[in-house]
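Labels A, B, C and D are assigned to the chains in the order they are written; within every chain, residues are numbered from 1.
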Amino acid sequence: MSLLQRDRDIIVSNEYVDHFDFDEVESFIRGASKNLFISHAFKNNKGKTLVQPRGGFPTYDKVFALYKEFKAANVDVLPLTIDSNTRLNDYAMAKKMLALSEENDVNMLNGYPLVNQGYRTTRKMMVHYDTPVSLRHGTPDARLLIEMALASGIFEIEGGPLTYLLPYSKNFPLDKAFLYWKYVERVCALYSTLNEPINRESFGPLSATLQPPAIVIVIQIIEMLLSLEEGVKSFSVSFSQTGSVMQDIVTANVLKKLSRHYAKQFGYGDAQIHLVYHQWMGAFPRNKNRSDSLITTATVIAAMVEADKIITKTRDEAFGIPTKEANAQAVDCVQYTLAMLRGVPKISDEAEEENLTLQVNEILEALFNDSADTLWRKAFNAIKAGYIEIPFSPHIINANEVITVRDDEGSIRIYNKGKLPLSERSFAFDRDKIRIPEGHSVVDKIIHDIGVML
Amino acid sequence: MMKVVTGVVGNDIHVVANRLIDISLQERGFEVFNLGVNTYLEEFIDAVIETDAKVLLISSLNGEAEGWCRDLSLLKSQYELEGVVFMIGGNLSVGEDNPDVIIPKFKRYGFDLVFHQSDLGIGLDTLEAYLKEHV
Amino acid sequence: MSLLQRDRDIIVSNEYVDHFDFDEVESFIRGASKNLFISHAFKNNKGKTLVQPRGGFPTYDKVFALYKEFKAANVDVLPLTIDSNTRLNDYAMAKKMLALSEENDVNMLNGYPLVNQGYRTTRKMMVHYDTPVSLRHGTPDARLLIEMALASGIFEIEGGPLTYLLPYSKNFPLDKAFLYWKYVERVCALYSTLNEPINRESFGPLSATLQPPAIVIVIQIIEMLLSLEEGVKSFSVSFSQTGSVMQDIVTANVLKKLSRHYAKQFGYGDAQIHLVYHQWMGAFPRNKNRSDSLITTATVIAAMVEADKIITKTRDEAFGIPTKEANAQAVDCVQYTLAMLRGVPKISDEAEEENLTLQVNEILEALFNDSADTLWRKAFNAIKAGYIEIPFSPHIINANEVITVRDDEGSIRIYNKGKLPLSERSFAFDRDKIRIPEGHSVVDKIIHDIGVML
Amino acid sequence: MMKVVTGVVGNDIHVVANRLIDISLQERGFEVFNLGVNTYLEEFIDAVIETDAKVLLISSLNGEAEGWCRDLSLLKSQYELEGVVFMIGGNLSVGEDNPDVIIPKFKRYGFDLVFHQSDLGIGLDTLEAYLKEHV
């Protein structure tokens, strides 16, 4: 028995898990319908931006009904969003809340408690809908969760040691997160040899609040490399609407270019790299019609950046977990908009792209130059040293020195670079574009810039 | 300076409002003990006792407030917490819900001031008015 | 008494018009609030795209209520859409239907019968709202109508001899239309000397169905020149969403450039020329949420082409005259979208713009070379000869030979050039891009291309 | 070949549907007399009599159909129009309206077949079925 398998046996031996039958799972995946694999859809949908909502409810029946609604709206990829207790491996609380939800027909969880529900039950739904499903969680230690997901027929796993830790956790140890995600990558790689590849996706939106593109791209590339290192063959890098159309375009162009560049440089030129665009992930307006406008605007931008997949929001965003109807309506409108948009121009901005490329390369170079022996240790050191940090992280390891605000065009610019290893030149490019209105403090400006879509 | 303990309750990691609340409370002259996100009710109570704070201002954004706060009266009965103002705000339910249902519910759980999806400024104004009246 | 004044006296002596007091009207305009003049708003709103809906109801009270709703939605320019009986000078029918509408509280007219309502009544509303109002009609003989409008405080007049005839009339004589519009221009020019200039606007959407940009631009320039010739100092050229983002951008760039170029060349370099963008004017989807998406998409494009004004549609478009609520909702969402959009890139396409410029110049050159002595006669001859015609005109003078379809990018291309005086080269540029799918007739393709937003 | 008179009634100039209807009727083997847009009821009746058409197919898009068509029964009583099928379709009211109200109303005015905001293909299928049954 391999070392990995020994770990896996331990992981699934958990009081909240029924007997986990690895052989049965393997043969399920080997024979699974191609339609369950997003990697397959990417290959066969050349040109069409796949549409994926978010969503999850505590009970099986509610998720089933949600999927039905999505399918009627012509969804391309179904989501399975996990509740936040499961995200923090608090299966006891999840179990209690699931029971309450089932008894009282009220949602006491903000997502689907996949571990408590189990893979035998969940798989029924996946096979029934025969559509790619993406696992959305935000879990630093997702080992058990992804065993459950893959066994259920969910063949896209979102997240990564940085993107699911820095925005999603307060004090989960980062080194452990790296190791736990290594496990995830390995299991994904293992299963990728059985049928179509399992797709891994990084979570570019991070804390969704004034995230500078350079940091987003650096983190995307690190997580991509960590995944490809373990043998994953299909990977999606992602980012969310910045608030400036031009900055979205520049970010997409550089992210596409550099992710492919580094994959190749590290010897993974055979991997498929996809681009995912998240509709606005920050604070939404409290007017549902305006939210619809924001959603459509994001869709137009996704078409402009030629995203392989778009992840949608809903008109209920500012209020709470959306109803299935509101969620499906967004899918329908996004599909309509993508289908109706024609003659979308291909745009670029050389100076912006050059500087962003420079910033990313500078940070990555500092990271690669770290003396540690493995990439994850280099990344770990870089974060500890503050060479990489994100604005508005709840995590204690995050340096919290970098300050970003918007320039007059709405682009997010680095105001204080903290310990980011940026050259004077690449930093000045950003910094020089910032104008704090007279009589305003930087804090005023930050508050204003967070609320830019309200 | 009046002491306030604040933070985000339960398994909730939405930190943006928490940062703004910290700044706003300081601007209004409070001494702030910010426990940050992902803080359990017991930790809040401990901090209130330790710091001798007069206000506990809890945020909850991810919809799970109810599950984490329903035991407040129980805790209040176990500790000496007379004179402490209990306040909660943010997004207090999963999905869209009626404030007319939510606010009385959280009052029953033991909160003095409850704000569901309302403006921070108005909430803090109300707090100050309440403090003037009751303390 | 001037010749013009003699004509004017005759025009307003009509059984449907109360005594028309020219002196009073003149002194009203002289002293009118600057806020009533869109020309003033254009000057002071540098950069902000003004938002104007469409709308009109038969009764005063309903229009008043409509305007109230629009103001609450932060409208920039109010519309006054005229009913189609008034458009065809059928004041008797308009009167009858207005009476029925008032008695039964039901809308028996699809707009406001301004002539029957009279300027004394109508002006009260305009002065009350103190906001620029734009007259939308579609009337070939608008002489009486515009006297009424200007006397009411409506200081933007849409239309022109071609744009309000070819799409809007079956057999109204074109030569008369030219002369009647000359009257309109003169009255507008006259009043323009009293206060801020009266703005004239041409109606670029035409029949809103597969209109090739070259013809739209040619017609915009002709109407602009005819207006400036008579002394008008503020003019808006316009076009409607083509269905291809790139074609919208190219059309806007060429329209802006050439309208200014010809205004200057003809000696009217002092006139202000504005660009107006109409949201999709063709057949709307019968799904209101999708209509909202179409409206937002159009708004994003308006920002990309840097329109001075955008004219909005509503989610009710496919169903009927919109409710005031639906209409105001569109205004609110368009304002939201314009305000929220940041970092919108400036785009162009050299090859496309060069060819479109060539096509426009070729047609205009043929027109200018006509031996007639005045511009309107040259234009009249050009239309009679089929040098200019529009697809889907109900008018008998229209040659109906030109056929247009969309290319694979959604751009409208000339398939059959009829008698349009296009060079082989400029025609081939369009024609070569067309691909009729195998097994389809050109008619199939046309029907498909009309329904491109459904 | 069965003769059909068609056109758009009243002061309505929406021509696009009219062009498509012309083509579709021809494709279905009718002999079409298309009076185009902006045609008054009397003109339609004259054309039906003149051509001896079996079908009068009226379009109306701009919402004003009612005002122009309410006198149909009157005209029908003045002329010999037995056996002629009267059909109307398009967008038959100003603003959004309920087909359950509109369709009976136009039937009362004397139309045999009424289609409010419905598909042209379905309308013409229904016409052909109706003709098979009644003529």
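Here is the rule we use: a residue touches a chain if its C-beta (ideal position, glycine included) is under 8 Å from a C-beta of that chain, and two chains touch if they have at least 3 such contacts.
Predicted model only: the values in this text are computed from it and were never measured.
Chemist: What are the chains that chain C and chain D both touch?
Modeler: none
Chemist: Roughly how far is chain A from chain B, going centre to centre by Cα mean, in whole Å?
Modeler: From the centre of chain A to the centre of chain B is 31 Å.
Chemist: With chain centres taken as the means of their Cα atoms, state the distance from chain A to chain C in Å.
Modeler: The answer is 46 Å.
Chemist: Mind checking the centre-to-centre distance between chain B and chain D? Centres are C-alpha means, answer in whole Å.
Modeler: So the centroids are 68 Å from each other.
Chemist: Cα centroid separation between chain A and chain D, in whole Å?
Modeler: 57
Chemist: Could you list the positions in chain B whose residues touch two or more of the other chains?
Modeler: Where chain B is concerned, no single residue meets two or more other chains.
Chemist: Should the pattern of chain-chain touching be classed as line, ring, star, complete or other?
Modeler: Per interface graph, the chains form a line.
Chemist: If I apply the definition of touch given earlier, which pairs of chains qualify?
Modeler: Listed in label order, the chain pairs in contact are A-B, A-C, C-D.
Chemist: Which residues of chain A touch chain C once you look at their complex with the stated criterion?
Modeler: The contact residues of chain A facing chain C are 243-249, 285, 287, 289-290, 292-294, 296-297, 299-300, 329, 332-334, 336-337, 340-345, 347, 349, 406, 409-411, 452-453.
Chemist: Going by the contact rule set out above, which residues of chain D touch chain C in the complex?
Modeler: 10-13, 15-16, 18-20, 23, 36-38, 62-64, 66-67, 91, 93-97, 117
Chemist: Hey, which residues of chain A end up touching chain B in the complex?
Modeler: 84-85, 87-88, 90, 93, 97, 107-110, 167-171, 207, 209, 283, 286, 316, 318-323, 392-394, 443, 447, 450
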